[in-house]
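Reviewing the structure listed below.
Chain nomenclature is as follows: A, B, C and D, assigned in order of appearance, with residue numbering initiated at 1 for each chain independently.
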Amino acid sequence: MCRFLAYLGEPVFLNELVCAPTHSLVHQSLHASEAKTETNGDGFGIGWYGEHAEPGLYRDICPAWSDENLVNLCRQVRARTFFAHVRAATGTATTRANCHPFAHGRHLFMHNGQIGGYHRIKRRLEALIPDAFYDTRRGSTDSEALFLLALANGLESDPVAAMEATCATVRGLMQEARITEAFRFTAVLTDGESLTAFRWACDGRPPSLYYRESERGLTVVSEPIDGCKEGWTIVPKGGTLRATRGSRAVVSLPRTERAAA
Amino acid sequence: MCRFLAYLGEPVFLNELVCAPTHSLVHQSLHASEAKTETNGDGFGIGWYGEHAEPGLYRDICPAWSDENLVNLCRQVRARTFFAHVRAATGTATTRANCHPFAHGRHLFMHNGQIGGYHRIKRRLEALIPDAFYDTRRGSTDSEALFLLALANGLESDPVAAMEATCATVRGLMQEARITEAFRFTAVLTDGESLTAFRWACDGRPPSLYYRESERGLTVVSEPIDGCKEGWTIVPKGGTLRATRGSRAVVSLPRTERAAA
Amino acid sequence: MCRFLAYLGEPVFLNELVCAPTHSLVHQSLHASEAKTETNGDGFGIGWYGEHAEPGLYRDICPAWSDENLVNLCRQVRARTFFAHVRAATGTATTRANCHPFAHGRHLFMHNGQIGGYHRIKRRLEALIPDAFYDTRRGSTDSEALFLLALANGLESDPVAAMEATCATVRGLMQEARITEAFRFTAVLTDGESLTAFRWACDGRPPSLYYRESERGLTVVSEPIDGCKEGWTIVPKGGTLRATRGSRAVVSLPRTERAAA
Amino acid sequence: MCRFLAYLGEPVFLNELVCAPTHSLVHQSLHASEAKTETNGDGFGIGWYGEHAEPGLYRDICPAWSDENLVNLCRQVRARTFFAHVRAATGTATTRANCHPFAHGRHLFMHNGQIGGYHRIKRRLEALIPDAFYDTRRGSTDSEALFLLALANGLESDPVAAMEATCATVRGLMQEARITEAFRFTAVLTDGESLTAFRWACDGRPPSLYYRESERGLTVVSEPIDGCKEGWTIVPKGGTLRATRGSRAVVSLPRTERAAA
């Protein structure tokens, strides 16, 4: 389990959301409230959109709470869109390449969750990633594999369909391997101008996901950063949040859950 | 606040005490029970006596829970005396040189506690350390300064008197600077053949300290490593534990507390 | 010995000067040409002026040549003034706090050189730094001590006089301690709007220092970054270069050398 | 290109061979003489046989020349068989898992060389490694892949045949992919009691390999550690050195080269 924060709106200094709030992401690296693991000390990362179409990336393996470089960067960098993530490893090594967010071309992706029994389907999952995307794999996490497979499934043109296809593929592999552990997938994706957030789990227990809209912009988080839930809306289980610069966010439920609702 | 473990006895693999137990020190780095801070993720260290009079030392800045080198070393190294420490920083940087234990010649020292208002007396405290010892200062912690000053105060010949003199000096500096925060000092010291452990605080609230004796040897810990308190004796507040290879440990109370008792 | 680069002018992406050129600073970290040590792999740092008066700082202990964060940052960050430095340690530890540049308020400082016999005068030198500045000391290098002492000597209002006073003090301490090794000081200082570079050594053998002016701005380097000396002017031994945004750089010789000339 | 050292004989402190000699491996990390790259600063590793059948392993990503833990360990650890390696990366990341030696059960393996065009055959090469061995893959290097494939090819019972089969497979994949860069393979393998060293390259230009036998034991190195070639024998191109505890080393040429000779 991890904790993350995503922002899309008017340019703000990262510091305002990542470091300064009472229950900021940096604070959550040591004291998360709504996660199974209170400590998220296995590295961290930030990704942001500056003057280029491609995002910047800063990831390191020390805990976020003690990294002076992170504080320094967050004070200096102002961005209209950015991601921040603190990691609690679930079986793969603490390396920079395993820290979120992951970047590919204009896209950033970060994940909180886990493919149950991942090591039993890792090779088959990786085998489905086409060479062009596999060549950019730098780490060994399930999260990065999900991202690369989704890219191969058309993430750039239709993120929701690509992620649904990817998750269906993973479910298929898990069933073939008779894996009984859960696949949980709370994640956010952006190209700098639009943002899609997912909250889904095969066992109906996806990690939490909240958002808040203000005149300035949209903030999407694992748990509220000010320590109170006022002003924050929870994304329902199975829900998908979509937002584009300049428009309000829209939350939709997947077909199956809509039917059930 | 930190967590530590010290051992003196028949040679054992470090792994048996540092990594393997239910509530081992490595486990405590993520989930301490009796500390103010549950997470001790700001580096760690081990010191051990092998074939030389001088101890070996391995310290690193990542959390103990994710360091494969630590696991590997603890599996291989067998020692008759060793120290292990996981750190929760109290204001100084996360560097190797600030990780415990500290080594000097044949001695190892580690500390759990804090000099209140340290930064206000740091320079005066350091000024009292003679050149010969100051030259070996590598970090910036209060703990290392205490150790070096105690060495100057005759730690090698009389550890208890040297530590009492050192703590009195620190108390004096604190009073001069009108510091109202507490000075807490739970610490262990060894030359490989004898071991001295201290549990003292100026406000009567020193960090916890336990020990257990078996046929194999003496183990001194911040908190029991098997998750239950059975078999463990707590060192009373203000108490000092002394042990020499081949003899039983002796716990004594300081003069003032003896009077009060 | 280290290698460095400073820039003052129209905003440019750091990448253009730090990573891209044939003989860029990152390349010099592995293959310096004019230094006593070809390898400068003991950490690195960049400092830059963005939207705040205080500069940003990113320093790490791995070699610059293999740090993907550095490449990423240099691609994203555009600055009107910045410093970059690759370190070859001369006796002090490889920690972030010992990496250049050093920041204090609005100032950045970096140094290539060494106080000969530093460990013999370290305590006396540090004792001369007033509390207000000493409290911000994070590392243990001679370079940071020089910077803090110069700040105490009035660096903010008159950088050249403050540095001359500081160097004279160091020379005095060295003579008292009968140190025969050299004190070499090639260094750059900025407040974001003006820049001062020094090239001096007590034995007449200061590390190299070059500069180049174009319409876009001023670049000051340890050695040319394009691998050829064309277009670059060497700062003479004992010389001081001063530049302010919008004006041409002025190089002056110190009084004594002017007399000799 | 990397530099390495292997030892098999009477127990010695690692320090005697790894750190102390004039041109020790630690010295070679900064100043190699016979390598294409003078600097081998992309991490290092040691593996040694202590009281268990499985070797100990200590690997880190900083340069060997500045790692105080390495010096400390080499002073304390005494072993009858050990490997030491300093790395110059050839395209894969600087992570602990990419540092040599690699351990699997009772075996250690380290490599100096490169599979030309590796990224173009990486997936096919990895696909040939059976699950049981692939699951233990921690890094992304060609060297680790070679080791795992050789284990699958029977390395434990016949190291020379297993390595020949592995190299032939790689050659086949390279030819299919029409790779024209060279495959160079200077490597050492041990189970603690016997040692096999290979010096081969498809273009007849394998990295250097020397050995020296004394009453105390056998030392195999990339280049002599005392800075002079006296007392050292070079392993001929295409040659294989085999040694077992208590017997003299035997160097043999491969069939094809024997025919040509």
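Details
Note that in this section contacts are C-beta pairs under 8 Å (C-beta built on N, C-alpha and C of every residue); 3 or more make two chains touch, one makes a residue touch a chain.
All of these numbers come straight from a predicted model, not from anything done at the bench.
Separation of chain B from chain D in touch steps, taking the shortest path, is 1.
Between C-D and A-C, more C-beta contact pairs are found at A-C. One finds 40 Å separating the Cα centroids of chain A and chain C. For chain B, residues touching at least two other chains, in rising order: 96. Shown here, the protein chains touch in all possible pairs. Within the complex, the chain D residues that touch chain C are 30, 38-39, 41-42, 61-63, 66, 89, 94. Per the touch definition, chain C reaches chain B in the complex via residues 93, 95-97, 119, 123, 127, 131, 134-135, 138, 140.
Chain C meets chain A in the complex at residues 48, 50-52, 54, 56-60, 68-69, 72-73, 75-78, 96.
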